[in-house]
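Labels run A, B and C following the written order; every chain starts at residue 1.
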Amino acid sequence: MQLFSLKLVSVVGETVIMEDIAKEGIKLGATGYTMTEVNGHGSRSARNVASTTGARTMKVEFVVPADVAKAILTHVSHEYFEHYAIIAWLSDVEVMRGEQYTKHG
Amino acid sequence: MQLFSLKLVSVVGETVIMEDIAKEGIKLGATGYTMTEVNGHGSRSARNVASTTGARTMKVEFVVPADVAKAILTHVSHEYFEHYAIIAWLSDVEVMRGEQYTKHG
Amino acid sequence: MQLFSLKLVSVVGETVIMEDIAKEGIKLGATGYTMTEVNGHGSRSARNVASTTGARTMKVEFVVPADVAKAILTHVSHEYFEHYAIIAWLSDVEVMRGEQYTKHG
């Protein structure tokens, strides 16, 4: 069994922008994504924005090489962080049949 | 791009208690959470409890500093493990704009 | 607080086969699983299969010891990778009350 070290990128935010982020992730090199409906609650107290939200929220996930992960996070931070309640993180994963995620590799 | 090392805490259990756990996580220092409806199936065979369940189940996730993660896990284990079918785990994540998760840091 | 190092196995694929995979995971040693409805989109361009899908998709997750994780991934790859759009990965997690996941350990 061969495993490939890749990154799982998770982005959680308001449903209205998550479809765009999914498509933008594909443009940046992801070969797929999953979207999950979640109920989110977050305070943005650190930035003094009064946006405690209980609104409809989605999580989008991409399994991608490290450089694509970085590109997606950078894009999301530049385009959305200022105006939307959104969080993004990455974690290490090992994937079977990793070649399908590395069309740019 | 600056990334912050934090913990993703995942707790899966019966829907009836997950709202409380989400709120308790906030009290213990989390600045937000996501809740996802899942179908869970688990045996508690190790404890000889006949509770193989297919009931409504939720997953609650927090992205928090390590000390808050530890506080949430400890709380959940003390308050719920004896009487509820519940599991909890943590993993390492790297988060963009980590400052919003470290109001106690 | 005692934590146990285990593996989180995530498998995403068409809903029609995910119930089987969940049950097969139990047979291979998992003591439970969660299933989440997701919207998946993936290209299988690397294998020249014209199956860009937007169909109903599920994610099944198992928290298991490393040997069980390997058995599940191997089984999934042998039984499903050729004919189904399916992806599978694992990540490191630390679990409270790990003994319930190690009935074979």
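Keep this in mind: a residue touches a chain if its C-beta (ideal position, glycine included) is under 8 Å from a C-beta of that chain, and two chains touch if they have at least 3 such contacts.
No experiment lies behind these values; they were computed from the predicted model shown.
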item	value
Interface sides of subunit A and subunit B: same vs different residues, half threshold	different
Angular offset of subunit B relative to subunit C [C-alpha, multiple of 5 degrees]	120
Euclidean distance of C-alpha centroids - subunit A vs subunit B, Å	20
Residues within subunit C bordering two or more other chains	36-37, 91-92
Contact footprint of subunit B on subunit C as seen in their complex	1, 3, 6, 8, 22, 26, 31-37, 63, 91-97, 99-100, 102-103
Subunit A contact footprint on subunit C (complex, rising order)	10, 12, 36-47, 57, 59, 70, 73-74, 76-77, 81, 87-92
